[in-house]
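What follows is chain A paired twice: with chain B in the first complex and chain C in the second.
Entry: the complex of A and B
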């Protein structure tokens, strides 16, 4: 059987695939289009083009403040999740002990618990400890949902590299610490950085936990966008959203570059 | 010390190292995951009267959850929406994942990478986008009017169907990615062998490709169902009062009504439902293996 490669082969499947990609991308492209819309109202087709909503958003102190809060909060969550998650991944990959699979499953389980439940349990914890929400309770919740990503990326990296390099270092007389710092750590670094980038994105995009736990004085970007949708509509919302999509895109490109760079070792 | 003693010493040291590496993350899980779950369970037995929470033990909250038809309705609606979203996602995602994995040729990596982008894009933004698209002056209505399919702008927002469409959009990558992963692993030789032995396209698909892709089907359906069941934002932004789901009701009890014990009981019942579902799926996967 020799099939003729032709543009018309599997046409229905090709058409459906194209439609699904349009379905996945068009909505966000529409937000981007609206961010350059000269009208205050979200009408299609757009009557004219302008960049004034970007200037207005950049001049809006509350929007700038939300970007700053999100950056700091996600950085804290990503750093904590990366440090404790990478350590846990090393233990899970390199050592054998009882209940190892159960412990691994426990670390991933926050992902299959409905997020609203995680959010209310954290809300109750902070209330019963009289913390009244606050920055660190939100960070604690974000770390919980970042850990599965850090542990998965880091475990994959640890499985991926050649352990004989470490054995060679030991054979050549390097002690355990020297081997760790000069061989193990540099080799697992792409996993660490990749995990940190994903953790930052997970935290930066989180809405439910922040919304439920943070209280009114900690307004992250997603919470700000939500309140702009619900109560204080302004086309600045489209400018901020488009900016956030591009930041996420930038982080993903960085993630690809880090892990692709790693593949060469 | 003899050799055996030294070996035991090394093993003990190794175990201590593993424990030290695990400890911080395990403590985090204990303090911010396990402990709060107990606080939640405990609170669901508190009494709520005259806008005050008191510590005496009561089943009153659970009695309300199981006796008032509002809550049963919300649970049933959530399960129905989640089931519909899961089925529709599977039907849409399968041909797409199959195309990327087996027929896209050199475009495969590009198409797969393109899926990662919506996967990681903020859900608030992606859901809001549907508000623009489906609004009375949005793009969908524009095309309906231009093409003559509608005489006047159609009201699509704030309905259960808007919620279903929004959820399919948000959750589709969670279905395509695991399907792709399992379809990509199938050896093309197996499929060719079936064809060479005289199986038709349909038979090959039903007897070879589909059964081999079942792990991906299982993971995708589990993820989409659980995430749809717990969705808060999509019903909140695209749904009307008649399309609220469990998470919206729990949020209202906590943030607006202030009846935390009742909210707690709803959350505990919801958690139990989700866990039973996950456990059921796990059993199915195990049986499959």
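Entry: the complex of A and C
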């Protein structure tokens, strides 16, 4: 017989966990609550509920434009980072070569280097190359910070890869290319998709690098939110922020689902 | 020569200074069940991987159905392999796994479906085609792996200890299953195993491998009854190994002084007096007083221990000179011995196997 489950067992641990979650999510919930607030001012308790700020945000061309720019920019950055990062992970996991550990460390270093320093360096570099402010310059900056995530996710997937599956395919008559296409690629796909989704959220949420490197015509969502705080504070800001939070959460949920689906293989 | 399917000559594989496989030669007739038997790390898997094309030999040739395999990639060889851990494709169904070989040959869909159906029948998995691999039991996965490897009608099917992961009951069942499948398809099987019982149960021919070399190639019965090296005698079944020195040699027979007692032996090689030998006597060849036939060696012994093994009894016998032997007798009531009993035991000279002590095992 196991001990009877009691609501009071582990009570201190449960209370502490609850506090941590409150600390983590209260600000987000506050923003979400304010975005449905009928008052123009962020007051509490909320006098009434409305969705008008969402309608206003959707009607604001600059906000819609920033969403479009962010989507396209993050998509480009995610795709490029996934291609480069997957190839790099295959090389780092599968092959032995000189300076392999140093190269791995170099790829992962954007996680460790303070982002502000990275951003300033990128700004100086792009200025000296006369590429300052261009769309692809910003994409390049985003690719840089997405690569560590793609490489980490892909490496984990490849480390767990049973090489004898590739041998089995070759034994059954598949050459190198067909072995890759029928076995290696489909079995690494969760890593590729997972890496891409993670890269997209990293790029979509990025503020510092975009702010430093981008010219005045490239206004992504985080940059737009920042400028709204400084110039024309409006509950539209809450609506936009809430929307972004849920897009990011949605992608993370998708990422977990992809990995969980893969675990069954 | 026409019905020789696999011919391996002088096969050698070195990794740096280490020789994993050293000068291995054998030939296998078409339709034979051939086992490579040896302890782990003896080089048997390396031999098999060279036949499959996953390792390149340092020296030697492999011919399959008369064709030299040198330089042929795994996907260009008439061999298929059942992997040790089966290596079924987890993202495909049972039918998808089995069809893979034919799809690589660009076989028309209808023909592929028909062949997959036949294979499912052969391994008794009819109706399982749509199942996912993770939803199968160990024995079912085994059957899928065999069907997948057989669908291309290979000249040779290689099996790399495929039953290792199964429990004893299922393993014995699958051994019979494999024998049946082999009879039905008539393909040459090369079976790699460290389990001597498994090799004896299934094989027409067994090659006993040790330290990268073949110690003996023979039928299971020959290997058991007439081992050619102490290693083979020890590895296949149980045996008593005695050290001795020959004296009074003549006509293929002689007397060996084992230190404490002397026994008559039959030598299968030209022996000289004064030579050091090892003598192997199987436990079931040892007879007890009252049942000792004419011409048997007779030695005084004391029962040291009695071990009950179900239908059999094992007796540990202490002999002069501090030597102990294990004897086996059916538990049929004709013999009842207890610890401390003193009696005469012995064996026929031709029931022992004698090896010259030139090289160590």
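Annotations
FYI, the second predicted complex is superposed on the first by the 257 of 265 C-alpha atoms of A that agree within 3 Å, B and C clash if a C-alpha of one lies under 4 Å from a C-alpha of the other, contacts with A are read in each partner's own complex, and residues count from 1 in each chain.
As a convention for this text, contacts are C-beta pairs under 8 Å (C-beta built on N, C-alpha and C of every residue); 3 or more make two chains touch, one makes a residue touch a chain.
This is a predicted model, so every value here is computed, not measured.
Chain B and chain C, once both complexes are superposed via chain A, fit side by side. Contacts of A:201 after superposition on the shared chain: chain B is touched, whereas chain C is not. Measuring from the middle, so to speak, at the Cα centre of chain A, the directions to chain B and chain C differ by 100 degrees in steps of 10. Within the superposed three-chain model, A:172 lies in touch with chain C and out of touch with chain B [touch as defined at top]. When the shared chain is aligned, no partner comes close enough to touch A:57: not chain B, not chain C. Of the two partner chains placed around the shared chain by superposition, chain C is the only one that A:164 touches, whereas chain B remains out of contact. Of the two partner chains, neither chain B nor chain C is touched by A:218. Put simply, more of the residues of chain A are touched by B, taking chain B and chain C as the two choices. Of the two partner chains, chain C is the only one that A:186 touches; chain B does not reach it.
Of the two partner chains placed around the shared chain by superposition, chain B is the only one that A:21 touches, whereas chain C remains out of contact.
Shortest separation of chain B and chain C in the overlay equals 5 Å (C-alpha atoms, whole Å).
The contact sets of chain A with chain B and with chain C never meet.
The touching residues of chain A, when paired with chain B in their complex, are 1, 10, 13-14, 16-17, 20-21, 23-28, 30-31, 34, 41-45, 83-85, 87-88, 90-92, 94-95, 97, 103, 106-107, 109-110, 112-118, 120-125, 128, 140-141, 143-144, 147, 151, 201, 205, 207-208, 212, 222, 225-226, 229-230, 237, 241, 244-245, 248-249, 251-252, 256. Put simply, chain A touches chain C in their complex at residues 162, 164-165, 167-175, 178, 182-183, 186-187, 264-265. Residues of chain B that touch chain A in their complex: 14-15, 17-19, 21-22, 24-26, 28-29, 31-33, 35-37, 39-40, 43, 92-93, 95-96, 98-100, 103, 111, 113-118, 120-126, 128-133, 135, 137-139, 141-142, 169, 172-173, 195, 222, 226, 229-230, 232-233, 237, 246-247, 250-251, 254-255, 260, 263-264, 267, 270-271, 274, 278.
Residues 52, 54, 73-75, 79-81, 83-85, 87-91, 100-101, 104-105, 134, 148-149, 152 of chain C touch chain A in their complex.
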